[in-house]
Amino acid sequence: MCGIFGVQGHADAANLTYLGLYALQHRGQESAGIVATDGRVVRAERGMGHVAEIFSRKRIERLPGTTAIGHTRYSTAGHSVLRNAQPIVVQTSMGPLALVHNGNLVNAAAIREQLEAEGSIFQTTSDSEVILHLMARNPRAETVESLRVALEQVEGAYSLLLLTSEGVIAARDPHGFRPLALGSFQGGAVFASETCAFDLMQAEGDRELLPGEIVAALDGQEIRSLMLPARRRVARCVFEQIYFSRPDSRIFGDDVSAARLAMGRKLAEESPVVADLVVPVPDSGLFAAMGFSRQSGIPFELGLIRNHYVGRTFIEPKQSIRDFGVRVKLNPVTGLIQGRRVVLVDDSIVRGTTSRKIVRMVREAGAREVHLRITSPPTAYPCHYGINTPTREELIASSKTLEEIRDFTEADSLAYLSLEGLFECVSGAPESYCTACWTGSYPVVPSSTRDDRQGQLFTVLADGEDEMR
Amino acid sequence: MCGIFGVQGHADAANLTYLGLYALQHRGQESAGIVATDGRVVRAERGMGHVAEIFSRKRIERLPGTTAIGHTRYSTAGHSVLRNAQPIVVQTSMGPLALVHNGNLVNAAAIREQLEAEGSIFQTTSDSEVILHLMARNPRAETVESLRVALEQVEGAYSLLLLTSEGVIAARDPHGFRPLALGSFQGGAVFASETCAFDLMQAEGDRELLPGEIVAALDGQEIRSLMLPARRRVARCVFEQIYFSRPDSRIFGDDVSAARLAMGRKLAEESPVVADLVVPVPDSGLFAAMGFSRQSGIPFELGLIRNHYVGRTFIEPKQSIRDFGVRVKLNPVTGLIQGRRVVLVDDSIVRGTTSRKIVRMVREAGAREVHLRITSPPTAYPCHYGINTPTREELIASSKTLEEIRDFTEADSLAYLSLEGLFECVSGAPESYCTACWTGSYPVVPSSTRDDRQGQLFTVLADGEDEMR
Amino acid sequence: MCGIFGVQGHADAANLTYLGLYALQHRGQESAGIVATDGRVVRAERGMGHVAEIFSRKRIERLPGTTAIGHTRYSTAGHSVLRNAQPIVVQTSMGPLALVHNGNLVNAAAIREQLEAEGSIFQTTSDSEVILHLMARNPRAETVESLRVALEQVEGAYSLLLLTSEGVIAARDPHGFRPLALGSFQGGAVFASETCAFDLMQAEGDRELLPGEIVAALDGQEIRSLMLPARRRVARCVFEQIYFSRPDSRIFGDDVSAARLAMGRKLAEESPVVADLVVPVPDSGLFAAMGFSRQSGIPFELGLIRNHYVGRTFIEPKQSIRDFGVRVKLNPVTGLIQGRRVVLVDDSIVRGTTSRKIVRMVREAGAREVHLRITSPPTAYPCHYGINTPTREELIASSKTLEEIRDFTEADSLAYLSLEGLFECVSGAPESYCTACWTGSYPVVPSSTRDDRQGQLFTVLADGEDEMR
Amino acid sequence: MCGIFGVQGHADAANLTYLGLYALQHRGQESAGIVATDGRVVRAERGMGHVAEIFSRKRIERLPGTTAIGHTRYSTAGHSVLRNAQPIVVQTSMGPLALVHNGNLVNAAAIREQLEAEGSIFQTTSDSEVILHLMARNPRAETVESLRVALEQVEGAYSLLLLTSEGVIAARDPHGFRPLALGSFQGGAVFASETCAFDLMQAEGDRELLPGEIVAALDGQEIRSLMLPARRRVARCVFEQIYFSRPDSRIFGDDVSAARLAMGRKLAEESPVVADLVVPVPDSGLFAAMGFSRQSGIPFELGLIRNHYVGRTFIEPKQSIRDFGVRVKLNPVTGLIQGRRVVLVDDSIVRGTTSRKIVRMVREAGAREVHLRITSPPTAYPCHYGINTPTREELIASSKTLEEIRDFTEADSLAYLSLEGLFECVSGAPESYCTACWTGSYPVVPSSTRDDRQGQLFTVLADGEDEMR
């Protein structure tokens, strides 16, 4: 998961992009970068860490111009190096181009292998770079046309922004996996993964790009919209509403907070329980727990406190200290929990180990009963479209029954929200969402060469210089 | 406000102190430091910023020994330099000593002036350093005796930990302004500003130090307790319950979350209002707003979302961009607020400007009415005991009537919790709390030379080297 | 000018490369880098500054393997960014490749333009990168064959080392502009720009690569030598002997120190002068001044002291201070100079301004006469093969007569070494050297598109991120 | 050994101090610092490393004011931490004071012990700090009087500069161990360890401070001179002429370069040898070798080349590589040396190991004979006045005869300059120099408690924070 933001036609483009990334920080804390242009020179600033740590006023001032794009990257295992930080900037026969990308291409490895066989040299291990190489191989008088040709060859999930010396071009894949919105601010065009970035600067008139839509905001031109061939079915990632997006964003036509409230209500309706308190697992479970509380009439309590200063911590105490595990992030409020029957509301169960730690912690704080309620169906299949899930084997729901999962998590009872129930809580038609992680029904299948390929790429990229920062 | 933590008699003393500071991060984000000793060498690691940024595994490993103390410092204006980061470490004729201190001494400037006249040289501008100089001037065979002599000369607020080559000595001033707790972990003694630090590591058997108590935990000795002459009245800072402490801590005999719930209930009882929603100003207003909601029957909604990634940000956009002000931290959930009558619950009003920004933001998000409810009495006097308040002139309640404040904040109605109501929500006797910031009745008066003195001290401390970090 | 070093077949490859770069530090102080491989993973460490500043033991330890190459880069104006620091590392269909390059290709811009038109994407503005792209476009089963194909397409100056997962391949252009030597150390093969790097580690059996020779030192194979088609005339840069190389190196068959001594003698013979002292402009003029002294019988004196700690200094005092200019580097020994007639021996005159400053400084120190003797002919044409000379207009000898130059430098007399005289001092045939900077007779002409092209490239590479380091 | 520089009464005081330290860089490369004042605020900038690395234009601009002092510190073993970098800045009842100090006090430990017993707290382990504490204990209306009182209590070597808010006060100990000069630049007063710093900025009218002289250059006052009681014999360190000072400096009345030439001549006269070449061990041996060559008629050759880029290098190759030892710094010019009988001229022999390495290296380069000539008598006693010599046991001349030393160094012959010969080469009376390192006759004896004390101090100062930088 990543956050992207762009501005075309505003004198403080880089500063606005900084603010936009700031609002999107929850979508990725590994690295961030901004590229800006004054139509003549393209300048980049990137770094590892949080947006507020990376960008000083001085670095922003080094990015003049009325056009800018930015990216904040999710921390995943492995290739966590500055070299892979976006935006990617390249020089082509069409001039300089910079790209930010949220999502994951499923045929990137195959295309890359083909392009390398033809002599292309890649700078990063990021799948996003293939789009730029396809553009470089297919130059057109209008850059937007070159992008269109490139996008017709890639498969998978992308919401992207392309910076050229003329402005910003935005695109969303035909499946519409990831969100991307367009707004207007003081005469300029702004683009963001989520509308909360617009709210920060009080941008106006926002709308979501359509699946398969390309929007070009270029210097001295009207905003132009093109459509990619719409041969794929729409498959929006409903986990945006369940988990990723900030509750104050509007995503796929829903107020995220309202959707979560509804999920909690529906869950209470589907899987009621006799208890004394409803306690959210913060922060994603907050609204859902309130919904559960309202529907069930069981009082809502903030029985778990989250430490918001969790950064790039190393918490790996020696053997003489107990495993603090989840305690570093969460602490139970004993006074609220002691002697009570508690309903814990969370968004999902992945491996089951974290859930078990939370259940144990609540029980150790004196809860008489702990009931687990999950606001999504059992996650049984990995995501190929940009969410960093473990392999199928590691997903507890891929091999265990509901009762076995309950037993593993040590909860007194466990219930998931049904797929049908979930779709009652969001405004789109059920068939317009991706359900792959629950059903294994993938809208588009990844190319098979991918994994071997990654092994090989790594031979180039063990670059201590980058890792050092 | 600062957070302090210490360990005596555990093989992972520095690592535990790191975890303790981590849990106390909310008490100060400016700088942090840890000092540890193996009984032979005293070693220090300090830095500017958050605990998790400053301490790598490598830095912790450079701090061997079974005794350690740590400090996390609040960001105040002015002397924000590494030189003032605690622990302070000095060499005396009694051997090396290190000190961490939460609070503010009111006669530090006068003592310092005297000591300097007698030829002492100070390393920092921190008032804490006078304690060490007083000890150096009054060496005793037992270090705890030297500390007692020193503490009998200082006035004001202190909860402190002193590291010697033999162990940790803790002390709390006779007024008991600031909290300090003692616990036990795997055979060692642990000290912390708040119990949430103990909960993280599941330390046990905690109790608060008494006002005026000195506790010595020294190598190979029983834990010893001494009392300073109890000639001062107890004056605990009830803002710990209202605002500073984490809701999962137990402070001055109260569960902080329960106290805040009670304050919200009481406020609803004292100053009811007809409205559609109760919305907390996060994070301190959360529990109080829930209490208000329960008492009043008006639904609780998370109508303001806080961006938790706010770090050491420079957000100072140029004139072409509007003043984002409070929006960088808070964003209203328009879908919840639009067309509604909203009760906003916050902990205090200082200058009034932030409150006005929040009221305006909520109104711009579509609220029909905005009612402000504050869970403390009007703050009309500056604090001299460790809270970073502005001067009396800047405090809005020092010169304006309730109606004038309401007018300034642009709220439709405004009410503060009464002093009597507040004291019904906490367990201690009203006369055991400090009420200076509301009543101007200071338990101990600051020495008058302080301000001039600060001006002079500054001449030494404009040290770019430190500011650079 | 740059320094390159490589090792194949030694357990401490990266450490040896570090030492080799250290000995070659005088060939470039802007940036340095080392790439090493264990046959599986290719790892890189690069930085801005001096070799000893960039590489800690820890960084060297991050570079395991028996194969390594390194580069130290000359500080030139403009593109002084980490991104351009070598080695360049890329991934191709033949596996990972890394390149270090000393010299300058004259048709790089034209090739790059062509490759970009065909869709290649470049990572740097360095001309060296085109070699890797040409290889990527022409993969062969044997990497050395791919390199041969690439080198047949480029024109200009190159002494280069290519690292593959199998070992190191070295190549020297058919003109032989820049030196490159091969030696043997404890069973491994070592490559270096100058033999002084071999002396440091006491490597043995060194020989220079022939112009147009490619040498492959691959794992488990004999060292193999190939020749590029030898259709170009040999044109070695005799400034290596005059100025660039360390006096203890053997270059193009000459001991550098002996060649400089001979130049000084020849200059005294051609342009004698009545004087009291011969004073070298350190460090390059040392041996030449000794030669001049011996031939003329005029005593040699170290009348100018060089400050060897000149680093990346900013010495740009405000107007209230006089222009220290050359004084930061050089200081006259007044006691030696006062009242004397001084012969200053230097290697060349570029713009004339530095020479004038030195002449003035010596005169202010009390010299009665100052005679300037230069150990090379007048530099009247810019170099296209890797020396960072200014434009023809800025070269004082391009437009001024000998007498006008003397007048400009304010010397009492001025003489240059004749071209014929110079060639008597080196061992090779006169026609085997490049004389372009004196005669304008360029062995190979640069492609005309170069300059426009550079302007365009700059649009991509204003990358503050790199500049920051 | 350290370098100190100060300015009073010039608008670019910090910038000039930067330039002065730059010229004095050879006196210390471990750390450097500048303190400046505008009469109101005292500001400091310090760092580890070379002057040019530490000070950016920005850091100099943070030091406004017309008064400044600076220090460059020699790299010694052990307490190499930022905390010990000078200037030391403290606050006293007389206002802020900053100190830079070249030399070593022999009774510092005893005074410190006494002061700590009376309750003083020290910031550093530097002996210089006791002077500030003595001043703090003895405040006077005129700071210069307080300094005088303090200096009357300390014994040993000091050339120091004290910055107050009014200007700069300079002092040189009554023995006059270390040099200190006063000059004038554009109306301001300048102070420097060596005159080469004045030459860089073309300061004028310099003179050396007298042994025991205190010079006060204060705002709006004439320069004032005071004398300490002259009860000690003058004992200037003649190693300044032999080794420490730059050859273009004037020290203790001598041109350093001329003195070295004379030492070489005298040595040739005292200990002639039949040989083919005279080769200096650079850089200190350069002038002496020229003198030896002139006197003996044996040709002078630069047969050893020094790598001037030696910085804070870690050269500690693994066992598989031979010990490069001295080769990293020096490389023989084989072409000059091969088959020749070589006279090596060096300034001193300490442990003998480096000399042996050089002799071996020259022999391996093909020398038929290697004769060692040393321009000072045998160093047999450690220095207590600021030179970093090893213990008596480690000094080879403390226990071995001349023949044994020759045997150890593997030279064909060895001769030292005689004490009488040495004093013929400098202008002062023999009894005005310290000869302790050759004769063991110490002008002032160190206090005995020193060593134990150091052990204890270390307990406080293992501060990883500083070591990290």
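Each chain carries a letter (A, B, C and D) given by its place in the written order, and its residues are counted from 1.
Here, a residue touches a chain if its C-beta (ideal position, glycine included) is under 8 Å from a C-beta of that chain, and two chains touch if they have at least 3 such contacts.
Predicted model, so just to flag it, every value in this text is computed and none were measured.
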Worksheet item: Hey, which chain ends up farthest from chain B, C-alpha centres compared?
Response: C
Practice prompt. Find the geometric centre of each of chain B and chain D from their Cα atoms only, then give the gap between the two centres in Å, rounded to an integer.
Written response: 49
Item to complete: Give, as an integer number of Å, the spacing between the C-alpha centres of chain C and chain B.
Response: 61
Worksheet item: Any idea how many Å lie between the Cα centroids of chain A and chain B?
Response: 35
Item to complete: Any chance you could list the residues of chain D touching two or more other chains?
Response: none
Worksheet, complete the sentence: Every touching pair of chains is listed here as A-B, A-C, B-D, C-D
Worksheet item: Can you list the chain C residues touching chain A in their complex?
Response: 40-47, 59, 62-63, 89-93, 95-96, 113, 116-123, 132-133, 136-139, 165, 456-460, 462-465, 468
Worksheet entry | Complex interface listing, chain A residues touching chain B | 10-12, 15-16, 19, 22-23, 25-26, 29, 50-53, 56-57, 186, 196, 199-202, 246-248, 250, 255, 257-258, 283, 286-287, 290, 294, 299-302, 305, 307-318, 320-322, 324, 327-328, 331-336
